[in-house]
Structures are given as C-alpha cells and as structure tokens.
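Naming follows writing order (A, B, C and D), and every chain is counted from residue 1.
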Amino acid sequence: MAVLLDENARVIVQGITGREGSFHTKLMLEYGTKIVAGVTPGKGGMEVHGVPVYDTMKEAVEAHPEANTSIIFVPARFAPDAVYEAVDAGMKLVVVITEHIPVHETMKFVNYAKQKGTIIIGPNCPGIITPGVAKVGIMPGSTFTPGPVGIVSRSGTLTYEIGYALTKAGIGQSTVIGIGGDPIVGLTFTEAMEYFEKDPQTKALVLVGEIGGDMEERAAKMIEEGKFTKPVVAFIAGRTAPPGKRMGHAGAIIMMGTGTYQGKVEALRKAGVKVAETPFQIPSLVKEVL
Amino acid sequence: MAVLLDENARVIVQGITGREGSFHTKLMLEYGTKIVAGVTPGKGGMEVHGVPVYDTMKEAVEAHPEANTSIIFVPARFAPDAVYEAVDAGMKLVVVITEHIPVHETMKFVNYAKQKGTIIIGPNCPGIITPGVAKVGIMPGSTFTPGPVGIVSRSGTLTYEIGYALTKAGIGQSTVIGIGGDPIVGLTFTEAMEYFEKDPQTKALVLVGEIGGDMEERAAKMIEEGKFTKPVVAFIAGRTAPPGKRMGHAGAIIMMGTGTYQGKVEALRKAGVKVAETPFQIPSLVKEVL
Amino acid sequence: MKLFEYEAKKILADKGVKIPRGVLVAKGEDPVAKAKEAGLEPPVVVKAQVLVAGRGKAGGIKMAKTWEEVAKYAEELFNKPIKGIVPKLLLIEEAIPHEAELYAAIVIDRSARKPVILASQYGGMDIEEISKEKPESIIRQHVDPFVGLKGYQARLIGKRIGLKGKALASFSKFLTALYEAFTEYDAELAESNPLALVGEEVIPLDARMIVDDNALYRHPELAKERFEESGEYTEWEIKARKIGLAFVELDGDVGIIGNGAGLTMTTMDLVYEYGGKPANFLDIGGGASAELVKTAVSFLMEYPKAKKVFINIFGGITRGDEVARGIVKALQELGQLPKPIVIRLAGTKAEEGRKILEEAGIEAYTDPIEAVKRVIEL
Amino acid sequence: MKLFEYEAKKILADKGVKIPRGVLVAKGEDPVAKAKEAGLEPPVVVKAQVLVAGRGKAGGIKMAKTWEEVAKYAEELFNKPIKGIVPKLLLIEEAIPHEAELYAAIVIDRSARKPVILASQYGGMDIEEISKEKPESIIRQHVDPFVGLKGYQARLIGKRIGLKGKALASFSKFLTALYEAFTEYDAELAESNPLALVGEEVIPLDARMIVDDNALYRHPELAKERFEESGEYTEWEIKARKIGLAFVELDGDVGIIGNGAGLTMTTMDLVYEYGGKPANFLDIGGGASAELVKTAVSFLMEYPKAKKVFINIFGGITRGDEVARGIVKALQELGQLPKPIVIRLAGTKAEEGRKILEEAGIEAYTDPIEAVKRVIEL
C-alpha cells in the first residue's frame, strides 16, 4: 500500500520534449515508473526515451486508455491550460512541477480540478514518490527507501535532505509528497493527511512546513480534533526569516501578521506534535514515536 | 400530486415592492399561494399586502427557514444577481418572470443553478401553476382548473388560451408550466417532461411549442425513445412566420435553417404525437387520448 | 444587432488578431487617394459595408486590379443598392492570396446552454451549405461559460480541421480572440468566413458579429441602432420600431394584432388556416395600456398592406377594458373607420371591454374561430 | 509588485469609482501652479508617492490649508526620505470631509483557495490593528473565482458594516470595481483604507494594490519593476535582483547560499541554532549551473555584511559537480579567498564535487552539523 501513487499508476508526461521533461522522463523510467505517453503540442509522432509523444492529451488517452496520472513540465504561461487538458482527459492525479504560475490561474484550476474529482499536487513542487514503486516527480530517487514513514512537505530540497537522513538512519518511507511552495497548492497538508491516515503502511508522518500561510496551523487543528491519529514529527523552516520578505518560495512570506514560525510551532506542539529544531533531529524523533 | 409546485411551496417574492411584483403578489395570495416573504434591497422592514419585506434573501430565509421557492420580478439588469442570491439562499425552485435578460447572463446562471441543484423556470416566462393549489407566476388563475392534463409551453398568452379551452371543455390541468420565450431557459421541454412522466396525477401532456431552437425535436426524440410514455398533444405556433425574423420572443427565430415549423411538426408526428392545427382543436385531441 | 464587417474586424484586431490592411471610405471621399494614403497597392478588394446576408453573391464585393478599377468599383458600389441597401461606407483592403479558406464561428447552443465553437476546413460557403455538402467536416466544441475556451480545446479543433505546426498555433490564437470578442460583446454569433490560411497564419477575410439586443445597454459604444442600414428591416418595420411596436411585415392582406408572441403568431396561423393571408405580426405584449393599443391600431390603419385588421386578445395581465379603450380612442381620432376591423376579446375584463366597444358601436367576438372566419369573408 | 497610490486609484477610476480630485507633481515642477491648474483649492492633502508601509505615520502625508503650506510641504516631502525612500512624485488631492472611515480589501485566501473580501466599519487603522482591537468587526466573504463577486454579496457585506440606502449601493458598486481590479490585474491584494463615507457615497482616500510578480508578463503597462522606488528592497537586494539572484538581506555576519527555498531557510536557522547569525538568504534554486553558482559566490564575497560564507547544497536536480565548478571558478577569478568559506555537499554528484573542490584545495563537508559548527567557530 501507499498514498496516491502505487503500482497501478500509468503516467503521461506533459511537456515531455522540453529539456526538463525529457531529462526527468528518463529518471522516472529508470526508477520504474510506468510512463505510457508524452504530450507536446506540435511534436506528435516523436519518441522520447522510447515513450510515444502525442499532440494532445485526447490522443494520448485514446491510445493509452489505462493512463490515470500526469506530470506537467510545461512553462508557466501554458501550464494552466495543460492542467485543464489533463483534468478533462480524466486523469485522477496531476502533478504540476512548473514554477511561477500566476496565483489567480492556480486558484482557478485547483477549484476546477476539485469539482471534477482530480487531485492536483503542486504547482511549484518536486512531485510524489512511493519508494521502490514509482516516482512522479523530480526528486532524486536514491534518497528514499521503502518503509513506514510518510512525508508531506512544502519544500523540495529539504525533503530530500530529510528523506536521506531517515534512510541513513534505517527508516524507510511509505510515500513522500512535495506539495509545493506556492501560496495556493492543489493538495494541502490536511488533505494529504487524510490519505496518510487511511494508509495502513504509514505508521508515522513527517510534516515539513515553512513560514507563510496557515497550513501548519490547520494540520495542528486536525490532529487536535482527532482526525489524524498517527504520530507526527514536524520541522518548520524559516525561524530566522524576517516578516514581509518572500523567502524564495512565493508562499513563504509572513504577511499581515500571519504565517510566523512561532505561531506554527506553538500550534503543532499544542496538538502534541514533536517539532524538531533541525531537520537532522527528525530521525531520532521518528524513532521515538514508531 | 403535482409537478414541481405543490401545497408545500413557501414562496419569497424578489422585487416585491415594484409595480409588477406587488400586483402579482396580491394575485398569488388571492389564489392561495403561501408567500412568506418579499425581498427588495433597501426596502427591508416594509410590508406588501401583509407580506414582510427584507433587504436580502439571507435575512428573508433566516426569518422564514421554510421558504423553498422564489419568484423574480426584478428588472433585467439586476435579475441575474437575484437568481444567484436565490440559488445561494437554498431555494429549490426559482421562477424568473423578467424579460430582456442578456442571453450570456442567462447561460451562466442556468448552469450555476444546475450545479447547485436549483430548478429555474424562465426567464421571460409566465411561471407555474398547479390549479387549485398554488400559483407562482403571472397567469390568470381563473383560466385553469384541477385535472389530469399537464401543460408545458414556450408561450404565455397562448397557454392561457389553451388552458381556458381545456377548462371550458371540462378537462382540468395537473400543473401548467410556462418555460419562457428566451433562447436559453432554465427548464426545457424534456426536463419538464421528466417530472410529468413521474407525476401520477398527469394522464396526458399538452406541449405548446413555437418556431426557433430544437426543443420540440428533442421532446419528440424523448418520446420516440420511450422515455416519455404518456400521450402527448402538441401545438406549434409560427407556421406562417418567415425565416430570419424574431417573432416577439427572443427565442422565436428560424436561424441557419433550423427551428422551422415543418421540422418540429414532422418530428413530433413521427414520434406519434397528435399535432393540432389550431389551439382550439386541443381539447378534442386530448379527449381522444385520455 | 449586427455589426458591420469593419467593426467586427476592429474588435478582433484589438484582441491581437492580424487582419487585412484596409481603409474605410465614405461617400464623397476619394477612394484612390485614401487607399494610397493607407499604403495600399492594387490588387485590392472593395467591399460594401452593408449588413445584409449574401453580400458577396449580391455583388457587394469587387476585386480591383488597378487604381482605375478601384475608382470605378467604388463609384458603382456607392450607387448600387445591395438587396435594397445603399452602403454608406466601403472597406478597401489588400487582396491576400491564400492557400485555403476555413470556417470558424461561435454561437450559443440553446440545448446545451453553452457557447459552441463551429469550425470547418471548408470555408467560403455559408454554414448551411457546409451542413448540406460536408456535414462531417463541421467540428463542434462546447465551452463552459464560466471557465471559457481552453487553449487545448482550440488546438484540438484546429487539428481536427487539418491544421498543424505554426498554422495550428495561429488558428488557436485566433479562436481565443474570437471567443473573447464573443463574450466581451455579448454576441449571439461571432464568425469568420472565410478565414484564410496564408502560409502558416490564419487571417480573417471576413468577420461577422451579432450582438444580443438585450445586452446593448452594456455596450454604449455600439448602441446606436441601425435599423435603416441593416437591411434587416423594411420601411414599415423601421417605422414601427421607432414608435416602439414589435412588428414584422408579411405578404398577405390581413392586419394582425395580438397580445403575446405565441398568441400573435397563432393568430397569423389561424388566418392562414382559414384561407386568409396575414399582412403582419404585431404583438402588443403583456399588460398593454390603452395608449399602446391605440398606437398599434392607428399604425395598422396606415400600413397599406393591411386591407382589414384582426385584433385577437386573450386577457391575462392584459386587460380587455384597456384594449377596448385603446381601440375606441384610435377610431375616434381617425374620425371614421378606414379599414374593416374584427375584434376578439376573451379573458381578464373581456366583458367590460366588449361593453366599451359596443357603446362605441363596435362588435367584438368571444370565439376566435368565429372571429377569424368573419375576417376572411370581409 | 506594489503599485503606487496614484496608480491604484487610476485603475479604480477607470472602473467608474469616484476618487478624490488630484494632480501628480514631479520634483522640479511648481506644486502650487499645478494644483491650481487642476482646479484644486486648499485645503488639500499632499502625499508622498512611496511604496513603503506606514507612510502616513512616517510623515509622508500632509494636510495643507493654504497655498503657502502646499509649497512648503511639497518642498519638505521632496527632500525628506520616508523610511529611506525619497519620493519622485507627490499626489496633491482635495481634502474631503467625511463622516466615517471604512476598510475594504480583497486578498487571496490560501486555505479556501478563493479570493476573500475583508471589510470593516473601522477603517483608518491597518488590518492588523483592526484584528486586534475590533476583531468582530471584520466581515469575511469568499468569492467563487469562476463566478466572480455577486452583487448581492457586495450588498450583504455593506449591510454588515452598517451601511444602508444609497451609501450601501455606493459601497457595493465600489466593491465590485475593486474586485474587477483585483482579478484584471492579478492582484494579491487590492485595498482601500480609509474608504471614506461622504454623505451617501464612499470615496477611497487611499488605495493599495500588490500585483502577483508571476503575472507581470500579462501587464506590460505595469512591467517596469521598481526595486529602487519600492522601499521594499535594500541596496544589496536591488543589486542581487538585477543579476538574477534570489537574495534577502539579514542582520548577521554569516553569508548563506543554499539550493531550494526550504533548505536555504533551514541553513539560516541552523546557523542561528548553533549560535551564529545569518547575513542573508541566497537560494540558487533547482538545477543551478556553475555560472549561477559563481555569480552567487562572487556576490557574497563583495557583500560587506557577510564576514564568512556557508554554502549548503543537497543535490537533487542540482548537481554537486556543477556547484563545485562554480565555486572554484569564482575563487579563481577573485584570485584569492577574501572571506573564509565552508562548504557542505551531499546528494547527486556530491562525491565528484568534493573531488573538484579538493583539487582546488578547498575542503567540503558531508555532514551539515559539522559544517555549521565549523562556520560558527571561524
């Protein structure tokens, strides 16, 4: 078992002929991900690393009706359209890697996908990996190993760092989800937690937050209300970030007094979550709760 | 029994303080319709024919949580907003009397209402009456009498004429719905027919169409496919109307070769429907099928 | 309301669509000088700006190969009515050699209650002809009115009418602009036919838009109605519109007044059914005042095609007594009865109305069939 | 990107909002002459057009009762930095006596993933103050981004902040315009505070808008970035932006380079945790080239606050060898090592990277804790 991504995933890569799309298609294939098709308008008929390319999702899905997941490497200006195309083509899961999508566009396609029953991960995210099974994303696969701990994170590199630390400590992961660093994302902490709650493989959850927004506070509330019952270890990046400054991620900003490190840590601790001071304390804290 | 409107209807009149709204509130009350509130922004606190007036639907519904139906007499520029307000306030049925609403607006609010599970009748319609029970509309109540025949019509006055002819001939009506003369309406023939099909009181249906669009053809198809099983008598107005001219109703126009009298009559006859040459043949045709 | 070609093209150009270079010439202006000023060189196309359908077939579009021809055709077009309409403006445009003529339109689909894109690789013919001759070539795509036309949908349509590469990109950009124009201007129809394929680019050689009359208040820049110029309306229809009457001219001799669109049409149909021919459609609508009735009656008394008049009223919101008062007033003002008139009154206050008419010496029927038979035999 | 008050007001005025009569004055122009030309009469308000928050409290807004005061305050404001920023433009506006000051704003609610309207009858204070002092006065209303703000929602909000009659209608018209501005300009924030209640009309005395940087390509009319004028950025932040670096200035002395926003913030936090103070945030992002790394390293070598530099890389898409090559290149160009530098490399191609560094005589850590301890003790 796993969360959102298992051995039944059949993947279409949107923007497969681009530099990033092509490179990561290769890495995903090497990891064992079952990529059935790629889409780039105007490049139909090509092959990329043996994967057939179509002009449209419609054609890709007609040729590969088993497809249920897509990953988007399309530039920001065209990415929202690619999301609509994936949703309308019936994808169950759409991973949006693209950064710099206007937030009004994200707001719309996330609402649209929700109505249609499609799960969006991202945008501006590293994707999702179920170690040993499949990877739909850009994270280094070797960093992760199968096991009992779920990870859900707003940060990419930090997730690799934490995954690596867990792996080194002999603690494997059930599924690792990078939900993305934008102010609006398709899958929030609490939504991801609903899936982890139901997954029998997952025995504990590592939650990697950062300043800005109130997703961590909402996760804390969910835990307090007893709607997430597994042990949680958290780390929040940005303790030393000044208010009003955007720290790399569009979503990592303390605005109008909300989204502070202190607020998040307090809320999580109040909910009984162990909050690590550094990411490198996470393995030992996880060991305590497993 | 009846269709869409029965003794459980509790009605709010939107635009109750206007000339039309106030006049028809009186007539509806006299007919026995249970009007619980009226809404006109800025006129909250007034009373119209004993009905309390509120500034917003929200307040009206808070004070009268039993309300489930609204009727809109608001001028065309403000009518779409009144529809959204009614839908968002949880009305199950909204009758839009207003004429001259831009068709792009109607297209939107009809789709919106559908998503939210609200039934819209109209716009540009006379409303709905279940004789002897309730009237949410502007038709002369005395014209109709309870009985076994449903009427669904694109035309107002013509419906009164036909109802009157039936009543004179001793044939009463289960429910009479004027769906409106605009190109886009909330409730189409086939949708109305789904309700009449399920209504045990209705033994036969009179369908009053006119030139323009293809609602009559769709009704014929529904009958042919066996999805509507009760006897149908039809009349189509506009046999002598020239193509390309708008005949009073925004929707009554033969465009791009579609929407002709001949096409509609042929489709209906092919489906086994008796099509009257004049509205005054309807009572005898109905008697044949009852 | 129909827009002129140059107006529809201007709207598209404002949305980034490349349109043929051109210049508008009014009567009295020198077409050659204006065309030269605009940087045009023959061959050019000289197009009458009229709103009638089938303008091309009616001789409203001329290809001029020399400046002499430009002058000649402009002179011709300014003096030749196209289906009865003399253009006030000509559009002189560069002639654009092209490989193919496509069709693209957006209309409102009544059943789906959504906008629908129509496209075909067989442009040049009108949509009815395409429907007859190449029905399978017509691509249909509905659009969610809240979400709008998605880029991928536009690309799919372009692909399905045979475009690829840059031409496909150009088409999908065009379609997006057309959709924006369609929604922004509350259009019932936005169309380009032919939409020319020029190398790897699409260019609208013609463009049409019909704006929803009910939405004109939101488009004050378009709001001057153009009854006279449209060619849609006859002289008497224009007169009627100016005094606020919903009137359509027909070819028979029985003048018709009814209340409500359905009943008025039915009254026409009844006259036809009993062997007569309606001279018009005139709907006084719901709840008409005596004043409006008077105006309608007086209008038909002047309207020469109507040799007699049939007034058919079923009172609902409309009151029989108001109608009767209006008729009596009209006849009083006219002094005498210039044309025979048959009245049928039923429904709300019909009794009162009949009394008023009787007092004025006018008989009114209750039964519509008796009334229509009487009209025919007059 | 923040818009200036006069820009935000112009956008609202274009949407039909009544704004105070006013005129822009540039340095060197005669404020009195320009104000008179614009038909203004004292009392007027002279407002520094700067983007810093708390402009009023910092003395950037002056009420002038006479023409002499206009001249005096204009002279003052043009020469007095507001939180470090000297205005290039002043806005002189009519002073508008008003009965009440309201608050209205639209922001994006991350959790609901929808725009949310915020309104309060207690304007004048900023929203944090209102949240503290009158939290119950803040009305919140979400908007479906596809459907838009409905008229009745605007009226309900107005009612709930105590308006009625014509004032309510004026407020709801204002809110509709504000929402249009919010969506049309891809705003993260559109705000008026105070929104004055003048008789039965609302008039925005101030207006603020922040446009999503990611959407600037859609707004070429706004697209000139204004790092210098915004007051949001320090001198070194402006320098960094100009060469494409995601850099935030902090107050410590340990220069920081990381890859990825989360890891870079964490690197700052680690330094702090082990007793140091970060001098900056500098994220080289995912998949950085040697060239970008070189630029980043050279930048920190010049940046005076950084007395030493800590580079923390966990390779994912970013490759350790590329990073190493960038570092080596930077040091080679500088000739020598002006500041001590500690490097931690892990993940993709970290082994290769360490080898490259070693060959250039630079030691690299694998363990971040060891590395950070080393930085602190330097």
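Note that contacts are C-beta pairs under 8 Å (C-beta built on N, C-alpha and C of every residue); 3 or more make two chains touch, one makes a residue touch a chain.
These figures come from a predicted structure and were not determined experimentally.
**Student:** Counting only Cα atoms for the centres, state how far chain B is from chain C in Å.
**Tutor:** For chain B versus chain C, the centre distance works out to 27 Å.
**Student:** Per the centroid of Cα atoms for each chain, what is the distance between chain A and chain B, given in Å?
**Tutor:** So the centre of chain A lies 50 Å away from the centre of chain B.
**Student:** In angstrom, rounded to a whole number, how far apart do the mean CA points of chain B and chain D lie?
**Tutor:** 54
**Student:** Multi-chain contacts only, two chains or more: what residues does chain D have there?
**Tutor:** Correct list: 146-147.
**Student:** Tell me, which residues of chain B touch at least two other chains?
**Tutor:** 108, 112
**Student:** Taking chains as nodes and touches as edges, what kind of graph is this: line, ring, star, complete or other?
**Tutor:** Basically it's none of the tidy shapes, so other.
**Student:** Which of the chains are touching one another, listed as pairs?
**Tutor:** Applying the touch rule to all chain pairs gives A-C, A-D, B-C, B-D, C-D.
**Student:** Of all residues in chain A, which touch chain C in the complex?
**Tutor:** By the definition above, chain A touches chain C via 41-42, 55-58, 78, 81-82, 84-85, 88, 108, 112.
**Student:** Residues of chain A touching chain D in their complex?
**Tutor:** Going by the criterion above, the answer is residues 76-77, 100-105, 107-108, 110-112, 126, 138-140, 143, 153-161, 164, 181, 183-184, 188, 208, 210-211, 213-215, 218, 235, 237-242, 244-252, 256-257, 277-280.
**Student:** Which positions of chain C touch chain D when the two form their complex?
**Tutor:** Chain C residues touching chain D: 146-147.
**Student:** Give every residue of chain C touching chain A within the complex, in rising order.
**Tutor:** Touch residues, chain C against chain A: 147, 150-152, 155-156, 159, 164-165, 168-169.
**Student:** Considering the complex alone, what residue numbers of chain D touch chain A?
**Tutor:** Going through chain D, the ones touching chain A are 53, 108, 110-111, 113-115, 127-128, 131, 144-146, 183, 186, 188, 212-215, 217-218, 232, 246, 248, 250, 258-266, 268-273, 278, 281, 283, 285-286, 314-318, 346-348, 368-369.
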